[in-house]
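If you scroll down you'll find the structure; I have some questions about it.
Labels A, B, C, D and E are assigned to the chains in the order they are written; within every chain, residues are numbered from 1.
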Amino acid sequence: MKDNFSRTVAYYPGCSVEGTAKEFDESTREIFRVLNVALREIPDWNCCGSTPSHIYDPLLSAAISGRNLAIAERMGFYEVMTPCPGCLKALKGSIEVFNNPLKRKDLLNILDMPFYGRIKAVSVVQFLVEDVGIEEIERCVLFPLEGITIVPYYGCLLTRPPKSAQFDDPEQPTSLDRILEAIGATVPHFPFKTECCGATYGVVRKDIVGRLTGRILEMALDLGADAIAVACPLCQQNLDLRQEQIERYRGRSFKISVPYITQLIGLSFGIDPKKLGWHRLAADPQKLLTRFDKLSKKRPTEPPTIR
Amino acid sequence: MWSEITKKLQETVQNIMPQVEAVIGWERGFNEIRIKPVVIKKEGDISKLVWNPFCVQNLSGYLVKSPAVIPREGRRVAICVKGCDSRSVTALIQEGFLKRDQIFIIGIPCSGTVDWRKVMKRLERSSVIHRAEIKDGRLMVEHAEGVEEIPLREILLRRCLRCVYPNPTVSDVVIGETVSPHIEKEDLYKDVEAFERKSLDERRKFWAETLSRCIRCYACRNACPLCICQDWCIAERRDPKWVTQKPTLKDILLFHGIHALHLAGRCTECGECERVCPMEIPVMFIKEKLNETTLRLFSYEAGIDSNLVPPLLTFNPHETGI
Amino acid sequence: MERLRVLALNSTYDESFIRQVEMESGQQISRCYQCGNCGASCNYTCVYDYPVNQIMRLIQLGQKEVVLSSRAIWLCAACTACTTRCPCNIEVTKIMETLRVMSLEEGTVSLKDVELFYKEFLRSLKNFGRVFEAGLLPLVNLRIGRPFNDMELAPLVFKGRKIHLFPSFIKGRKEISAIFDRFESWRRKKEDLS
Amino acid sequence: MRIGVFVCQCGTNIASTVDTERVAQEVKKLPDVVYTTTYMYTCSEPGQQEIQRAIEEHNLQGVVVAACSPRMHEPTFRRAVEKAGLNRYMFEMANIREHVSWVSNDREANTKKAIELVRMAVAKLRFNQPLFPSRVAINKRVMVIGGGVAGIQAALDCADAGLDVVLVERRTSIGGKMAQLDKTFPTIDCSSCILGPKMVDVAQKENITLHAYSEIESVSGYVGNFAVRVRKKATYVDWKACTGCGVCMEKCPSRKVPDEFNEGLSFTRAINIPFPQAIPKKATINRSYCIYFTKGKCGICAKVCPAKAIRYDMTDEVVTEEVGAIIVATGYDLFDPSAYGEYGAGQYRDVITGIQYERILSASGPFGGHIKRPSDGREPKDVVFIACVGSRDASVGRPYCSGVCCMYIAKQAILTKDHIPNSRSYVFYMDIRSPAKNYDEFVRRAQEEYGVQYIRGRVGKIYPRGDRLVVQGMDTLLGIQVEVEADLVVLATGIEASRGARELAEKLHISYDQYGFFMENHPKLRPVETNTAGIYLAGVCQGPKDIPASVAQGSAAAAKVLALFARDTIETSPQVASVTERACIACGKCIEVCPYGAIRWKELKGGVRKAEVITTVCQGCGLCNATCPPKAIQLQHATDNQILAEIEELCA
Amino acid sequence: MEEREKTKNNTEMRILGFLCNWCSYGGADTAGVSRLKQPTDLRIIRIPCTGRMDPLFAFKALISGADGVLVSGCHPKDCHYSVGNLYARRRFEVLKDFLPFLGIESDRFHYTWVSASEGQRWQEVVTEFSRRIHELGRNPGFDMNTNLVNSEAR
């Protein structure tokens, strides 16, 4: 394949994008095309192992995730990007185990593949901010999201814990804020940027999620937000898919759109919302999209060039 | 070609003689391959001066060690220097032992000097030399048993085979054509590096064996133009008593350690220490190691820039990694 | 789990438990000075039987049984707020994870449905190489006796055609089950040794 | 040489892990050692008498005491041997306590180590020479660096005793942090009412020279004779002419200058007098806000100044002050709470610091002494105080206790109730530290009389709800989370070393700890002395402390200076470098490296040069000794022979 | 703790410490006052400043049979004599580089900075250096006291 891209990065989609978070994957692929970065999906990747394998034994988790990293290393990559912060944690955990001299041998024995632990795992957001750069994103904006108020919701794992995340401020992160500002949105200070949404308790403890996700939705609404930008499939599931459940629990109507940051970036790049998977969102985004169509004027600057 | 330079040298000295009190140079020794230092104080002696690849001595030491020719207020002294010798002069200026305006430096580019001991070894049975001539990179020696022809490279001093400063770095007048160095600068310490690739045991064994030859005659120290303690060298003093006079390897090693560490960051690699050693110990090799260290740590070479302070007599508060 | 009434410290203090937690988590338990910031930051404190700082205190006192059978360790969502804010630089999340691993090994898991979910998840992973959401969730719901849990989400999910109706297999699923097998034999070997 | 060795048992401190009897027996076998004994407490009066008795009885010429660290008792024993007629430098110590008995319980290894250390001391002693101190005159002026309450106290005490005092202050007025405070605990007396008179005293004392808006450029010299270069920063106002009338400040058109004295809660002018009680009460132009300097034209202050004191062309001036002693009282800074992202300091305007709250409470503060919220000026009803913000927190690099926050929170909570009787205060704390006189009673009063709610636990998160702030914390006593809706949140920010403390310490050649607080010579017994003779410490620059302790230290430092100045001359240590002239080869390397310029050329007959040590300037570092190739220059009492003897004793 | 038990059973090594009076000697005192346990091999020589430390002292010790030489002074910029340690560190660095050329392990000579307040750091430095010297074992030296005249080594 002829390579017109300015750079390439290994891409690990993760199981959730095959299911509930399909639009995260679609929009990620779309915007990186515009940003001139080639995503090379790790061939025949497997589940990262997630929390269950980690709890079963961190070494098992490291081996399961390690297979994906080993394949990426074999392809010659030094960096693997994933949309899902949960997968990111697992991939980083694998490298951490590799770097523990007491555990490395066991890991390599169980993995039984060549693995050199030289690869680094980053989230889509970190890659956007640190590798692509906010300026580059801003340069590609065709339809700024002017007049639209969006609050950024980072979730737990994107910037925390600081020792393993090595990205942004753990308590007052600004990367999503800066991206949103770059694509033209109005971004109020959001106090619950990193407050937990309730995670997997959506399945077994609706009361917890109702309380935690509920207060995030309420705060966003109180700040006059048109949308909450997220970067985690699990957060998105709680804030979007379960929004009606939470409305019943809190006795308050929200009807607020919860798109992925990549979907918003794609919108500002002038990509067809359908290609970005906007139709897959549970909380109807039509109100937001209509508002966007009405307010946004095409920027008179030159279109993004394919270098 | 040597006689031409000798002639020019004599002419130059003739011209400057009125301005200087003495000229330090070389004259023929007891045969043609043995040259000795000479101090010229009157015009009649100028014809004694010679220049050829047997002029091995670094004369700069006389400027600080020989009271008769130490330059001082109102007494200017001229000195003949090869490339390596000129660095010693610079180092002495750098450390304040000499004032630049009190010396007149006659620089002579040098393509290498001959180790007479290597010549004698080639002659084997005969030690009486009738005539010696260097031509086209070969030495022809007429001796009692016949004529021997030796390629020059095979009889040069070790210091000359690794010379990167064949041309004087400081001079008032230069006699002769500029010559190119024997080796590239980056190869300067390849012997040191090769030696360091040996195991610690091998290195220790090498020095134990080599230094056990040392008879502590102190010739190396006395020949060094920068070893300025002379009679007060702590290797021979009782107060403070650093070294005993016991003939043990420990005391020999301690002497050489003192000699080398006192020269760390100061040695100009003129190689006189090694040349004069009667036991043929590679004394300069120790200093080469220390020069390699100071070059690597402080990017410093002694005797190049008279404005610099030797690295161990100064400091840099922002130095990291050391 | 009923709250403790009287703590008989000499007979219940288990030092090896403290050492094991410290070794597995890489954290020094004695550094905790009970400021309560973990509990203050934790969004689940209200549903825990013991708030995080009391879990830390119970470890300091070597209360293995109470800690490993607590609900708190299983309700922790590993959001790392405690770790981020701990003034003593203790990675509390790592300790909670360690406790979960130990609890699973000891068979003292307090939330059986969580354990069940994990088991189903690993089964799906071992068989398919990836996790099959459409199959996994209803199955778990069935097993925990709430078959209609989250049923109302189904139309929303299918609206976006979010979940595949059939599990997706990866080519290397044999490699995955081999990793599981090698892990199990490593674990057996380790147990035999100890 | 006839040497006596005294092995101290230090009660059981040494004897419990070192067989002192065996040490004494073993070293008895050494050549020159003619007497050895052990003693229970050698440093005690009878212990010293025992040494003196032995010196006379056995005609000893040198003494070794194997005991504690020489940093502890070397002076004691030197005096003791001197009383018995020995030169005090004919004495050596072997440290068998701090370096032996206290760091290992292995009795066998310790005993062996102790024997070897004594052998080394004996070996060194054989080369000791009697040394005699010389004397230099003392310049009886003192410099005080820092014009906070500690520095003011030190300056006034010195001045009262008749000394000439030079007081150097970095800001435009003295007064320090205390001048910013409203009331002081535990007496609730007005801070400026008790500090003000002292500040005025400083201005009125004729023997105090005040350099305000000045910083230390460099320090040279040594005890008794320091030369300090002081940079007097340009104020652009001729302070000799300025009367402090304030007209310039009134008329200045640059009105959006954050007021540093009010901690940024209000604005001041580009030309200003920092606060009404300022000493000196003189105006200063803030260049970065002055329209004349930023835009090139304005000049209103110059026009309105009745004293014609404005000098736009003023430049910094460096003056040299010669003094015999220096008191360092540079105070502290407050922790920047923006490190706590979860508290939103800087994000939410109603989350403020303790010192900001002091200014709000103060009648001369931004709101005239009425408690208002910085965001909307509303009077708060619920005020939350959070303790230990930047204290006892290893995660922000401040593991130490600041020592004053518990008390100032209690005070502020009480004052809040006084100002707004229907208000409620909440204090989140970890422990209450109130150990001084009447302190704990004060905290109890806050709870019992003023109804302040104390909640034991840290706060995890602050977030807005409407125009209020929700403080989410923990009550660890109950084991449940607590939420308080507050109108105002006060973060009790902790104390940290003054910015610039490290640089100053380097100029003064004094030590500082890992947090930047200056090191005292001994934490208990020499708390205001530094390791550098003639330089003393007062106040928080040495470590967190409150006003009473700072004032006490100011007076203590002054007493130390007065003790020093009670003599006309001081002994200089004879442990200085000395040149053996005939061995000097005049290479000049010693002159080149000496950090004090204490070595100079000496011309002998015939133009021969030799190095010469100025003994009163030499500080005895020995750098010259290590540098000298023929070892012609030797540091007395640490000569090559002495060090070589120690090495050889161990390695031979 | 176990580490120390192990080394205790071995023969002690000859380790010399040269400590500046102002910082590191005080740091070692602080460690003592805090009862911070350390290996017993080290013998400390007090010098006024690391600037007083002629590298030849260390050189002589190492060729005279010392197994290790540890030098410690004030942290850079914190020298009681302001710059002594800055000169010293250059000299030590040169020595450290020189020793292996003669066949002596570079690790046998170590220099570091410990302030008077850093008792714990001193404990770590001593423990680590002693461990390293035990690992290296006895300094084989050069059969130092062989009398060359009698031995006919030539």
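The criterion applied here is as follows: contacts are C-beta pairs under 8 Å (C-beta built on N, C-alpha and C of every residue); 3 or more make two chains touch, one makes a residue touch a chain.
Here the structure is a predicted model, which means the values were calculated and not measured.
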item	value
Least step count from chain A to chain B, where 1 means the two chains touch	2
Length of the shortest touching-chain route, chain C through to chain E	2
Result of counting contacting C-beta pairs for B-E and C-D, higher pair	B-E
Farthest chain relative to chain E (centres taken as mean CA coordinates)	A
Longest centre-to-centre distance from chain B, chain (CA-based)	C
Geometric centre distance via CA averages, chain E-chain D, whole Å	31
Between chain A and chain D, centroid-to-centroid distance (C-alpha), Å	51
Euclidean distance of C-alpha centroids - chain B vs chain D, Å	55
Two or more partner chains touched - positions in chain D	342, 461, 593, 627, 640, 644
Residues of chain A whose C-beta touches two or more other chains	170-171, 195
Contacts with 2+ other chains: residues of chain C	81, 85
Pairs of chains, among all present, that meet the touch criterion	A-C, A-D, B-D, B-E, C-D, D-E
Residues of chain E touching chain B in the complex	55-56, 59-60, 63-64, 76-77, 83, 86-87, 89-91, 93-95, 97-98, 100-105, 140, 142-149, 153-154
Touching residues (chain side chain A, partner chain C) in the complex	15-16, 18-23, 44-47, 49-60, 63-64, 67, 106, 109-112, 156-157, 160-163, 170-171, 194-196, 198-205, 207-208, 212, 241-242, 244-245, 277, 279-282
Footprint of chain C on chain D - complex, ascending	342, 388, 392-396, 430, 456-461, 472-476, 479-482
Sites on chain D touched by chain A in the complex	340-342, 344, 347, 461, 463-464
In the complex with chain D, residue positions of chain C that touch it	31, 33-42, 45-46, 50-51, 53-54, 81, 85-89
